[in-house]
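Two complexes, one shared chain (chain A), two partners (chain B, chain C).
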Partner chain A sequence: MVKEIERAGIPVVHVCTVTPISMTVGANRIVPAVAIPHPLGNPSLGAAEEKQLRRKIVQTALDALATKVDGQTIFEVK
Partner chain B sequence: MGKFKVVHYINQFYAGIGGEEFADHKPEMRDGVVGPGMAFAGAFGDKAEITKTIVCGDSFFNENLAEAKKTLLDMVRAEKPDVFVAGPAFNAGRYGVACGTICDAVREELGIPVLTGMYEENPGAEMFKDKLLIVATKNNAAGMRDAVPKMAALALKLAAGEQIGASIEEGYLPGGTRVNFFEKERGSRRAVDMLLKKMAGKPFVTEYPMPDFDRVEPNAAVVDISSATIALVTSGGIVPKTNPDRIESSSASKYGEYDISGVEDLTPESFETAHGGYDPVYANADADRVLPVDVLRDMVKEGIIGKLHDKFYTTVGNGTATKSSKQFAAEFAQKLKDDNVQAVILTST
Partner chain C sequence: MKLKVGYIEIRDIMTADKAEVRDGVLYVDTKALEAIALEDEHIKSVKFDVARPGESVRITPVKDVIEPRAKVEGPGDIFPGMTTKVATVGSGTTHVLRGAAVVTVGKIVGFQEGIIDMTGVGADYTPFSATNNLVVDFTPVDGITAHEYEAAIRTAGLKIAYELGKLGKNLTPDETKEYDFPSLMEGIKKYPDLPRVGYVLMLQSQGLLHDTYVYGVDMKQSLTTMLSPTEIMDGAIVSGNCVSACDKNTTYHHQNNPVIEDLFSEHGKTLNFSAMIITNENVYLADKMRSSDWSAKLVDYLDLEGVIISQEGFGNPDTDLIMNCKKIEETGTHTVIITDEYAGRDGTSQSLADADAKADALVTAGNANQVVTLPKLDRVIGTLDYTEKIAGGFAGSLESDGSITVEIQAITGATNELGFSRLSAR
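What follows is the complex of A and B.
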């Protein structure tokens, strides 16, 4: 799906836990996520903390979209 | 028990008539073996006999498809063989297409088991490998010696109505049909053997080849995120509660398009996951963990992004065919484009 969106001319960032799959599939902008059943969350954190974590991942994804890439690039969440 | 009766199809070249200049040769049926039929006869031994050989020019077949097919079908019908064998065609394109076409017609219209052989990149292989048994051969006639024993063994099984094993055992091109079989060695042993070969830099054969994925060049970066419309897409199966479109929990046959205008936060009362390939507890309790609507709403208010697109697109990425996902995304990507979405965040579980 990520490739078809890219092919349509829309920049896309893939947020996923298993980044090697994303690499194999051919995503160009990749942001590693937390875990398979909760990629943008962590149920062991408190609600506020969890939302803060999610925000960091989304912010990284937005930064990735605003960054020029020449090939497949993984953007680590800081 | 008598011998099985085999009709063999070959082109003008293998019949010894001539090359390209005789490719317009009209269909004819001869008694007994011709050309590569000799090798087959040897491999069949006393179990089967090629009673007739049909010869047709490659160009004649492909340029006069309907006529050639009809003539050949009449010939095969008259002979009533137990199995029909065509080629092998190796990497000869028209020959491969002819072998595939006539095999398909004989099987379909006469109900006679059929078999052909060709190189995997022969256009005939791409056209017919999901319909016919096509033995994988080398790309030129030097592969005859390898191809004949494999084809002969398979032809005998077909004539006898025996169960055909998996493509890896029988040597035919995988046609997408899954066949179970028992391996001689257990999985752990095979995996370690493979690993040792890999570490030693020796060739090894995977048991689970990944499909060929093509590549797409990255698009330019978004110039101004703070004025951009961002859309959310997920393969994590987030859907409105009750899954109104009944997206399948695995091998999804469709995607959903749902309106989130005015939705500030995904709550357990309104959203859930339809995905059957991961523990749904966390996503059902808070679907923002997969589709971060809450955070993006905050970011709109704070001016970090321009707008969160009113619709999101979702499917279940669990055993879903690459072909299906490709088709779903090609379709909704066009909608996103028409709606002037500048960038997409796609989340996967």
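What follows is the complex of A and C.
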């Protein structure tokens, strides 16, 4: 899906846990997610902390989308 | 570590008032076994059935398959840390009721249990069409979680297999094999010219009912570690897996791991079976990186020359497999990986989710997406309610004439990545 959407000219950020697979399939902008069963959240955190974490992941993804890349790039969540 | 394994051939299972093994027949007292199962307050009722090779019987949804074994001599007991006390097993003497299996049935997840056909096309895809199966169908009490249900069935299945195994304790085996796994230094002194080969056994540990237990430890909480392959023969590794049926390792697979069997048969002839490493397949990327780092560190430290790596399951564990392979290759050790494929129904899609040029020696256990039509069988043990939802099933799987069209993914053990299957290629 990542590749087909990019082929249509729209940049894509792939947020995923297993970034090596994302590299193998050829995504250009990759943001590491939390874990396979809960990529965009962490049930072991409290509600407020989790919201902050989720916001960070989404913000990192949005920043990645606006960043020019020369090749496959992983954007770590800070 | 030295283990003598005595095999007692079982050619039939029958119910009786007195439990015993006589003339190759395993007589089971289902009343006594029922009492064992009902010790767990999560189990409401239990139903026993026997399925024999060649009978027109379909068993589904299958959770686990377990071989009855008994410790005759030596420390520890079968299934240490699970249903018996923690103590190091793998030495002394163990008896096996070969040809018998306990098959546990229950709709824990519903879509992640398997099918065993005792006859017809389906029987060719599962090794458990060739065993005499005591099938135990568990109904849980109302309102329990899937995790509690899984734990209850897992434990009861092990206890029932243990109880049956004890019946072979005082019998004279039909065949005896000896497995000698020397210490690293002993092995090198004894076979200085043979290549030192190790085995990295990957264990499913993703949580959410995809778990494996080693001496009672949930493997997702462990780092990569080592043990003697003979310990595994005594039930040190137990399946707690509700995941695609074709390529999960049931407890029976662990007890009879063919990679270990073959490494032993070549040990001292063409190679020196020097180390047995077990590692996990967790859901955090950091865990995958850490565990594969550890596999490579152990291989490097042990100075192995060749390593066989077997995977369990598919999808994201493909990354664990490739990480293990790549990092071990980078230590200068040759690897061969054993996996299976999800290459689409026509076999033309990419087989694994991950890949690397260093993975240049691979044994495949088959394409799990291959479609097969299983004929209607006379009797169903369990229920067909989940046929269309089972991994490998789809809307329309269950035909009105009672036949089932599924991907072989739905069949227990069809593409087992230890090679414990019957698929081959021309």
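As a convention for this text, the second predicted complex is superposed on the first by the 78 of 78 C-alpha atoms of A that agree within 3 Å, B and C clash if a C-alpha of one lies under 4 Å from a C-alpha of the other, contacts with A are read in each partner's own complex, and residues count from 1 in each chain.
Keep in mind that, in the parts below, a contact is a pair of C-beta atoms (placed from the backbone, for glycine too) under 8 Å apart; a residue touches a chain by one contact, two chains touch by 3 or more.
None of the values given here were measured: they were computed from a predicted structure.
When the two structures are aligned on the shared chain, A:24 is found in touch with chain B and with chain C. With both structures placed on the common chain, the touch criterion links A:2 to chain B but leaves chain C unconnected. Applying the stated contact rule after C-alpha superposition, one finds that A:11 touches chain B and leaves chain C untouched. Shared-chain residue A:68: touches chain B; no touch with chain C. By the document's definition of touching, both partners, chain B and chain C, reach A:37. Shared contact residues of chain A, touching chain B in one structure and chain C in the other: 17-18, 21, 24, 36-37.
If you check the complex, the residues on chain C that touch chain A are 206-208, 283-285, 288, 316, 318-319, 322-323, 353-355.
Across the complex, chain B is touched by residues 1-18, 21-22, 24-29, 33, 36-41, 43, 50-51, 54-55, 57-59, 61-62, 65-71 of chain A. Residues 210, 213-223, 225, 228, 230, 233, 235-236, 278-283, 285-286, 288-292, 294-296, 298-299, 304-305, 315, 317, 325-326, 328-330, 333-334, 336-337, 341-349 of chain B are the ones touching chain A in the complex.
Partner chain C is touched in their complex by these residues of chain A: 17-21, 24, 32, 34-37.
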